[in-house]
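By written order: A, B and C. Residues from 1 in each chain.
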Amino acid sequence: MTHAPMEKLARATPRPVARRISGLSDRAIAWIFVAPSIFLLLAVNIFPLIWTVRLSFTDYRVNRPNRDVEWVGLRNYERILTDDGIWATMQATAHFLIWTLVLQVLIGFALAFLINRKFRGSDLWTTAIVLPMMLSPAVVGNFWTFLYQPQIGLFNYAIGFLTGADPASFSMIGDVALAPWAIIIADTWMWTPFVMLICLAGLRSIPESIYEAAECDRASKWRQFWTITIPMALPFLMLAVLFRGIENFKMFDLVVQLTGGGPGNTTTLTSIDLKREAFERWRTGYSSAYAVILFVTVFGLASIYVKALNKVKER
Amino acid sequence: MSFSVTAPSPAARWIAGLLVALYAIVTLLPLAWIIATGFKSPADAIAYPPKVLFEPSLEGYVNLFTTRTRIAEADFAALPPPGTWYEEIVRDQGMVIAGPSRYGERFLNSVIIGFGSTALCMVLGTAAAYAFSRFRVPLKDDLMFFILSTRMMPPIAVAIPIFLMFRQIGLNDTHLGMILLYTAVNLSLSVWLLKGFIDEIPVEYEEAALIDGYTRFQAFRKVVLPQAATGIASTAIFCLIFAWNEYAFAVLLTSGTAQTAPPFIPTIIGTGGKDWPAVAAGATIFLVPVMVFTILLRKHLLRGITFGAVRK
Amino acid sequence: MNARVMTSAAAGALLAAAASSPALSEDLTLCWAAWDPANALVELSKDFEAASGHSMSFEFVPWPNFADRMLNELNSGGQLCDLMIGDSQWIGGGAESGHYVKLNDFFDAEGITMDDFIPATVTGYSEWPKGTPNYWALPAFGDVVGWTYRKDWFERPEIQAAFQEEYGRDLGVPATLEELKDIAQFFQGREIDGTTVYGAAIYTERGSEGITMGVTNALYNYGFEYENPETPYDLEGFVNSPGAVAGLEYYKELYDTATPPGASNWYMAEDIDAYKSGQVALQMNFAFIWPGVEADPNVGGGKSGYFANPPGPAGQFAQLGGQGISVVAYSQKQDAALEYIKWFAQPKIQARWWELGGYSALKAVVEDPGFADSQPYAQTFLDSMAIVKDFWAEPAYADLLLAMQEKVHDYVVAGNGTAQEALDGLVEEWTVIFEDEGKI
């Protein structure tokens, strides 16, 4: 609003003067444009991070405001790294991570490959397939507990219908052997479309001319698939793995709603364990150290992976 | 499409179409089950064995929006006949309506926080992306990577200091606090995406505008923004989906006033047991807005989910 | 209905007149779990609104999230709740961390005495430290774990005959936990009306407090004790006594042989669903569900019976549930909140509370001659309230509970290790917690 008279004035004045009146210098604009974002990120991301690191050397507990806070040095880190329970949750997380990635990449790539045949109605089906990933993971997790109920749920009856097994003869959530797969199935159901979309982009980025050249050379379809399609789509596949990997390393909402970490600690992923330490036991210092360790882990793994990804891209 | 030696044969297409359709049907089954459960009566929802065919009922939706209570039998008998259809449904369960439920408020909170943070994020993100794209910002690459890396933190890990900080400055359980938090989380994605979009707009357009006497700011507003509109829209969709569905921060940092729907929906409870039809109804209603957006903006989905790494 | 509103309005008017402070109309928020009694309280509170001029808002959170969410609220010094009907085990933390307002002076001034309430509820819901006359809450809702059974199935001649043949005794309310297991195993997998049914729905939930609230009913009766009665916090040989081990093994056997498949993460709501949908013959659950069971079209109206947790070799106890109502120290409206408690403590209101399905803890209500016959479950409620025992109510209760949830679930449901190992591990973890707390 206040700009209007200024603009009029500016238009009536020779150019260099106009700039000085209503236009800020480029440098000033750059700062004005970037500063709020940086400020917000500093306040909500970086400052808390530094605070976390600081807290991780103390025995602070939020629910004991009256207690003196002591510096405990590296004791929190020591306790975490020597705790068998935490290694068990790391293993559970790794199992979850690896299998969701394998399944989602295989199914997602296969789907993308099929959709890329451009059959009639492929757009419609693609949109339909994408729907599960638009849901709230917490709501999905909650609803899958219902689907997995042996007596009243859909899942066991569907399996029973297909295999002839008695629906009541197995329990996806209750069985130690099946529960890790229960969370993998739910996550795969939800996120395969994500991998599919990225793969689809990868496949569509391959120029038609390469296949035409291969066709002239009489290369078999099978050979074309392995020498053209896979290498060309690989960077995209790796990208999909990176994003899903980071997301599933952080996994909390879906699994906490689905199994609550049980049976026993079978599906207690690191985020669930961390939540218990931080917001149920209120061992703030200890869980801060835990958070720092997780951050270093994910950051380290991601950096290594990104380097590998860049190498593949350069080829 | 022009003839090509590499185009798949009709048979191959047909098989591909069949397989994809088959997958789509299987994958939509759970979703269909959720929606169908919303229209079951509580008894049908937990029927043993499960019921595929059932008499549709609006009990789930009524229960979603009301709280109900039992009253003493004598009082119940003395009540005047129900005045509305939803009252009648509640009476049929042997109960009376005690008041509205919290679902409406939670949904509204989701709207305020989801759209508020998305709007703020677009304003800040577009500005920052423009600056990164057009000017020499010191330490640009480092800053960009730093912005991205903030998204790698598990939310629970970040939540500890945020919880302490919000408590200290009174942002706990406020709309503003959640809007700022979601904006910060989404900002990394937005800046990356938007920088990609703005990079694609030829600099010559602005230069021409500057020569015509526009100031830098005018050039940004009148030349760059319209060009970047679709990019901004598709970025916004991803910010919105995240803020709309987010659970971990919401469950830890909000309670009475600013709680959004995702932590609320799984906790809907009926008489004694879980009210699955109401849960399903809540989930269905909650899905509708993002579903509509997804269908409208499906062409732009790809770029958003890949942090802009995939073009077109 | 009108008559009742009139009387309660009159009572409220008297109350308002008695309050000397100028009647400022406030909007009070009461926080509790989301369950049937809470809805009844909304109905009941309409009388308070009419009488006092204050308005009431409610924040109800379902059980699996209740402790999490509300303790988070208290620990962050939140002002959401003016009144908190907090779980019995929070009282230590509520008192020691200053979350709750101490009510002794208020009780004295208003002539409310704890002698008027069931002793177990006073100890369980109001006192901290336990056994001392320091009150942080008014007993609001008496609750205890008990059993519900399918009376209609129990009464069928063919089922009775089959049971008689198999066990050599009549099928009826079990006199011991062993008998309960027999009955549950008897029903497990049996065909009734064309569907396969199962024995018992019991608590097995992992995430909050479920399995602990269930397993203790077996542990107590087989000889588990929280600590040496002579030396506080002396756990070794009490938590993991041979009796406690037998009790834990009992619970596992019950889980393995007499519960529906998939009952691995069940708490109140899932148990009710299983029972109402006709999957099980027996259900372990808190007494609060009984009014809902009676009113249920499938299993209510005389089809269900109720009994207190049966005795084991070491005696008869039942896990205490229930809550007291406290004033939150961070509230800006403490006067109005106290007014609510004063209103709630009136015998007339307490009687109506019972009528609406709320388990009053007021002696005048439960000792009324008509009480035991007023509902089919009333006598069972009284019997059960007489044998209650509660989990730790220490400020460190959440740590103690998490440790127990993990150890017990890992043994009973996941099937890892032995009962002895689970309880030894529990002693170890609890000892560390008490050491950290500076109690040992």
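Here is the rule we use: contacts are C-beta pairs under 8 Å (C-beta built on N, C-alpha and C of every residue); 3 or more make two chains touch, one makes a residue touch a chain.
On a predicted model such as this, the values are computed, not experimentally measured, just so you know.
Suppose chain centres are the mean of their C-alpha atoms. Which chain sits farthest from chain B?
Between chain B and every other chain, the largest centroid distance is to C.
Where is the C-beta contact count highest, in terms of which two chains?
A-B
Could you please state the distance in Å, as a whole number, between where the Cα atoms of chain B are centred and where those of chain C are centred?
Whole-Å distance between the two chain centres: 37.
Using mean CA coordinates as chain centres, what's the chain A-chain C distance in Å?
Taking the average C-alpha coordinate of chain A and of chain C, the gap between them is 40 Å.
Based only on mean CA positions, could you tell me how far chain A sits from chain B in angstrom?
The mean C-alpha positions of chain A and chain B differ by 16 Å.
Pull out every residue in chain B that's touching 2 or more other chains.
If we look for residues of chain B contacting two or more partner chains, we find 46-49, 163, 251-252, 263.
Check each residue of chain A and list the ones that touch at least two other chains.
62, 151-152, 279
For chain C, write out the residues touching at least two other chains, lowest number first.
64, 72, 76, 273, 277, 279
Flag every residue of chain A that touches chain C in the complex, lowest number first.
For chain A paired with chain C, touching residues are 62-66, 145, 148-152, 156, 168-176, 256, 259-266, 276, 279-282.
Would you pull the chain C residues touching chain B in the complex into a rising list?
Touching chain B from chain C are residues 1, 4, 29, 34-36, 39-40, 42-43, 59, 61-62, 64-65, 69, 72-73, 76-78, 80-81, 195, 268-270, 272-273, 276-279, 289, 291-293, 295-298, 355-357.
Within the complex, which stretch of chain A touches chain B?
Going by the criterion above, the answer is residues 7, 10-11, 15, 18-19, 22-24, 26-27, 29-34, 36-38, 40-41, 43-49, 51-52, 55, 62, 107, 111, 114-115, 117-123, 125-132, 134-139, 141-144, 146-147, 151-154, 157-158, 167, 189, 192-194, 197-198, 200-202, 204-205, 208, 211-212, 215, 236, 239, 243, 246, 249-250, 252-253, 257, 270-271, 274-275, 278-279, 284, 287-288, 290-292, 294-295, 298-299, 302.
Can you name the residues of chain B that touch chain A in the complex?
Listed in rising order, the residues are 4-6, 8, 12-14, 16-17, 19-21, 23-24, 27-31, 33-34, 37, 45-50, 124-125, 127-128, 130-132, 134-137, 143, 146-147, 149-165, 180-181, 183-185, 187-188, 191, 213, 215-218, 220, 241, 244-245, 247-248, 251-252, 261-263, 265-266, 276, 279-280, 283, 286-287, 290-291, 294-295, 298, 301-302, 305-307, 309-310, 312.
Can you list the chain C residues touching chain A in their complex?
Those in contact with chain A are residues 64, 68, 71-72, 75-76, 93, 97-98, 196, 205-208, 260-265, 273-274, 277, 279, 395, 398-399, 402, 406, 409-411, 413-416.
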